[in-house]
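Each of the next two complexes has subunit A plus one other chain: subunit B in the first, subunit C in the second.
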Partner chain A sequence: MTTYEAKIKTFLEKETQHQIESDGTNLIEKGVLDSFSMIKLINFVETELGVKVDMEEITPGNFNSVETIARKIETWR
Partner chain B sequence: MIKLIQEYFTASAEKYPNNIAVDVWHEEKKTKKEALEMSFSRLDQYSNQLARHLKSKGVKRGDRVALMFMKIASVDAIASILAILKCDAVYVPIGHNLPAARVAKILDDSGAKLLIYRLCPIEELKKQIKRQDLQFIKLDYDDRLQIYQESTDPLPYANTSDDAAYIMYTSGSTGNPKGVMITHANIINATDWAVEEFGITSEDKMSQHPPLSFDLSTFDLYCAFKTGATLYPVSDNLSLFPGELIKFIEETGLTVWNSVPSVMVYLWNSGLIKPDRLPTLRKIFFNGEGFPARYLAEWMKTYPDKQFVNMYGPTETTVQCSFYRIPAPPTDLTKLVPIGKATGGMEIFAVDGELYVGGKGVGLGYWHNPQKTAESFIEFPGKGRVYKTGDLVSLRGDGNYEFIGRKDNQVKVRGNRIELGDVDAALYSLPYVNEAVAIAIPDIATDGNKLVVFVDLKDKKEEQYIKEDLAKTIPNYMIPDEVRFSKLPKTSTGKIDRPKLKNDYLRSKN
Partner chain C sequence: MEIRPIKKSEWPKLLAFNEDEYRPGHIMTNKTYYDWQFDNFTNQNKENYSSLGLFGKSGELLGTFGMFQAPCHFFGKTIMGNCLANLIVRKDLRSLGYGYLLLEEASSSHELNIDHTINQAAWPMFMKAGWQGENLKRHLYIIKPKNNLYELPVSSERKVIKDGWHFDLVNDFGEEINVFWRRIKHRYPITVERSADYLNWRYAHNPLVKYSMFLAKSGEEIKALVVLRMEDLEGENGILGIKAGRIIDFVSDEEAEDFALDTTVEYCRENDVDFLDYFSSGNFHARALKKVGFVDGDSAPYADLPILFHPISKKRTHLNFAVKISNLELPTPNLNDWYTTKGGGDQDRP
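And now, the complex of A and B:
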C-alpha cells in the first residue's frame, strides 16, 4: 500500500462515513463517491497531498477505487 | 391531431425514419454488442414487437407495468415505455438505485403486473416483495432476440387522452411513496407548449439527465418524441466527472440541456466551465429546486449567448406549470430565481400565499388514494379543478411569481415568522458554502422551535464566523441557534432530504 492509498482511504472513510472494504472496491458503485465527496476528495488531493488534479483527465474508468485514484495521482506528481 | 403520447413517436418515425431517437454515449461503444443507439423507425418497430410480447404475458388496457433500468440501457428503457403505452397500459418508472424495500413498496402499491428490468440486481427485491403474481422480464440480449421474432406492425389503441400514461412515485410525508397519475392529455399539453415556446426541432440534440422515475424526464422524452430530436442519456457515472461530462456535451454536440440545478453547480465548481467550452449548447433548462443565484450569475456571465430558463412544477401538474426566461445574470445573489409565469394551458394563482395550479396539466390525483387526492386536488370556483402545491410564493410587480418556501417550512421561532428558504438563500450567498439547508426543530426547553442549519462547506469555517456573516444579510431573529457541519443527504430525486436531517438530529440528542 502506497502512502497515497492509505491517505485517500482514511480521508474518504472519515468524510463519507462509509467503510471501504479494499483498495480495489469500486467507490462509485458503493456510493462512496458522489458529486459532493468527489469535490472534497479533489480539494484534499490538491491541498493536503499537494498534487494538482487535472479534472479533464479523470474518468469513471481511471478514478473509481482507492487503488486507481492513487495511481492516477502518481502520474500528476 | 395527436391524442396519445406514443403517437408523437410514430409520427416522427414516419417523418424522420433515419433520425437517431436514442444515442447512448459510451467510450467503448464500437466494441459493444448491445444496442446503444436506435433510429426512430427501428425503435418504433421494436416497441411494437415488445408490446406484442407484453400482451402475450397478459398485459391489458389500464394495467400498470413497472420498469427499472440503468441509463446505459436507455434504448431498452424507452422501448419499454413505448411498448407499455402501445398496450394501452400505464408505465411506472422506478429508480434503479432505490433500496429494495422501497421498490417493493412501489410494486405492491401500484399493483404492477410486470417488472421490466435490465442491468439491475433484483435478488434482494424478490425476497422483499409480498406478491406472488408479479412477473419479471429481464430484457437481456437473448430476450431481445426472441422479441425480434414478433410482428413489427402497428397496434390498435383503445385508450383516450384522459387515460393515465404513467404513475410516478414521490415521497409521502408518512414515509410511504405516493403514486401520481398523469394522463396522455396532461403530457400533450406540456409538450406542445414547450416545443412551440422554445422552438425545439428535429435538428436538436437533447440531454436526458434526470432518471425516468423523476418527472423532469417527461420534458426530455416527449419533446424529442414529438419533434424527431435525438436523446442523449447521461449516465450516473458521467455526472461525477465534470471533464467527462463536458466532453460528452461537446462530442455529442448537445443543443439542449435539462437537469436539476445542483448538477450545474457541480460543473461550475470543477473550474472547467469556460467561454470556449460547450459551443453547441443553446438552451439550458433547470427545474426541481431553486438555482442559487450566485452560481447562475457565473454561468450566465460565462455564456451570454445561451438561453437560461427556470422551470417550475410539481409532479402532480406534469413537469412544468410555470417558467421564467432569465433575462440577465442575477444581481441580487441572496435570492432564488423567480419561477415566473404560467406555461401554456395552465393557470397559476396564490391563495393566502400558497400557489394553486389549474389547467390542462393537472393530473388525475394519487393512485388509489382518494383521501390524499381530495386534500390536494380541489374544485375552485371559476377555475375548475386545481392542485394546491403547498409552495409559498409572492407575486412581483412584473407579474412573475417568486418561490418563498414550503408551506410546511414556514416556521415561527420565538414569535418571529421565518421562511426557511430565506435562511437557505442567505447561506448560499456565502462564498464558502457548497450546500446548506435550514430546518426548524422542536425545542423541548421552550416548547417552540429552534433554528438549526446544516452546511456543507468548501473551506473550513467556525460556527461563529458563519453566524457573523449571516448577520450581514438577514435579521438577527433568523440567525440559526446551531450550525451543524455535514454532508447533506439527498432524496432519490436529488433534493436535500430535510426529514432525514431532522430525524438524525433529534436522534442524536436522545
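And now, the complex of A and C:
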C-alpha cells in the first residue's frame, strides 16, 4: 500500500465509519462515498496532502476506490 | 468548471440536458413551465434564470439546481427567501460531490432557504449540510366513503355558523389581499409573504395549472384565503372517475378558519369530489381542522391513500420540507415556526 493509499484509507474510514478494503472495491457503488463525503475527501486532499484537485477529473472511473484515488493524486502532484 | 446562473439564451442546452437526465416530455423540458417557475416576479435579471448550472470547461452542462426567490415573512421582518427546487447532476457524475457543490452555492447566497419534497437519496446530503426538515402533515376529509380506490370512514359533518360570512371565487388579487395579509401574517412566524404579486404569479396567472381561489369575507373584509385544485385521479388506463380536492394554500384569521374550511368542503361536495387533502407544516389551523372534521391522513386507515394521482402511484408516500438559515445573525427557529403547504415549493406541478 502506498503512502497516499494509506492516508486516504484512514481518512475515509474515519469520515464514513465504514471499514475500507484495499482490494479495489468500488466505494461509490457500495454507497461508502456520497456527494458529501466526496467533498470532504477533496478538501482533505487539498489541505492535508497539499495537492490541488482538478474537479474536471473527478469521475467515477478514477475516483471510485482507494487505489484509483491515490493514483490520480499522484498525477496531480 | 463553474457554477453560475443559467442564461435564458442557453435554453436549448438546458432542454437537451433535461431530456437526457429526466426524460423527454418531463415537465423540466417544458419551456412555458420553466420560464414561469424560474423567471418569476422577483427575478430582475433579463438575461438569466434564477436557477444555477454547473458547467464544465467546454461550457457543457454537468448539473443544475432550479431555484426561485420569494419574499418571506420572518418574525415580523421581510426577508428574500430562496426556494430550492430540482437538483440534478449528469448520471455519470453522481455521488462525486457535484450535487453538494450546487447545494452549497445555492444556499450560501441567500439568508433563508427552503426546499420541498427532497428525495430519499438526497435527504442525507441536505442534513449533513446543516439543513433541518420533516414531513408535511396530511389532513384528509373523506366525502365519499367508498369508490374504486378505497373504502374509508366518511368524515363527519359539523355545524359551522355561516351567518354574515360569504365565500367568493376570485380571478386574481389586488391591494385588498395585501391589507389582509399584513393584518394576519403575525400568525405565521415564517412563511412566504402572501402578497398580491406572489399570489398572482403562483396561482392566478399560473400558465399550466388551474386553481380555484376563494376569499372568505365578513362584510367586505377578507378573513381567509383558500386555494383549491381539483384533480381527476388517473390509473394506467386513464381517468378513474375519482375526484380529489386539494387545498394547496390556506391562510386565515383565527375567527374565519372554521367557516373557510367547512365551506371549502361544501364546495367540493357540490362538485362531486370524493375526498380532500391539505398538506401543511407545523400545527397551524389544528383546532379548526379537527372541528370541521378533517382527520390525520398519515395514520391508519388513511395512510394508504396515495398522494400522486397522475397516474396513481405509491412511489412517494409523504411530502417533506427542509430549511436552512445561512445568516448566522438571524435567530434559529423551531421547525414548527415554519408554515408551508403543498403550494409552497415547486411540487404542485401540472
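Points to keep in mind about this one:
The criterion applied here is as follows: the second predicted complex is superposed on the first by the 76 of 77 C-alpha atoms of A that agree within 3 Å, B and C clash if a C-alpha of one lies under 4 Å from a C-alpha of the other, contacts with A are read in each partner's own complex, and residues count from 1 in each chain.
Going forward, a residue touches a chain if its C-beta (ideal position, glycine included) is under 8 Å from a C-beta of that chain, and two chains touch if they have at least 3 such contacts.
Treat the numbers as computed from the prediction; the structure is a model and nothing was measured.
Placing subunit B and subunit C on a common subunit A by superposition gives a clash between them.
Of the two partner chains placed by superposition, subunit B and subunit C are both touched by A:I28. Once chain A of one complex is fitted onto chain A of the other, the partner contacts of A:E57 are limited to subunit B, with no touch recorded for subunit C. In the superposition on chain A, no contact is made by A:T75 with either subunit B or subunit C. Within the superposed three-chain arrangement, the count of touched residues of subunit A is higher for B, of the candidates subunit B and subunit C. When both complexes are overlaid on chain A, the residue A:T10 reaches neither subunit B nor subunit C. Residues 28, 33-36, 38-39, 55-56, 58-60, 63 of subunit A lie in contact with subunit B in one complex and with subunit C in the other. Residues of subunit C that touch subunit A in their complex: 1, 56-57, 92-101, 124-125, 128-129.
For subunit B in complex with subunit A, the residues that touch the partner chain are 27, 236-244, 246-247, 262-263, 266, 269-272, 434-435, 456, 458, 487-488. Residues 15-16, 28, 33-39, 43, 54-61, 63 of subunit A are the ones that touch subunit B when the two sit in their complex. Residues 28, 33-36, 38-39, 42, 55-56, 58-60, 63 of subunit A are the ones touching subunit C in the complex.
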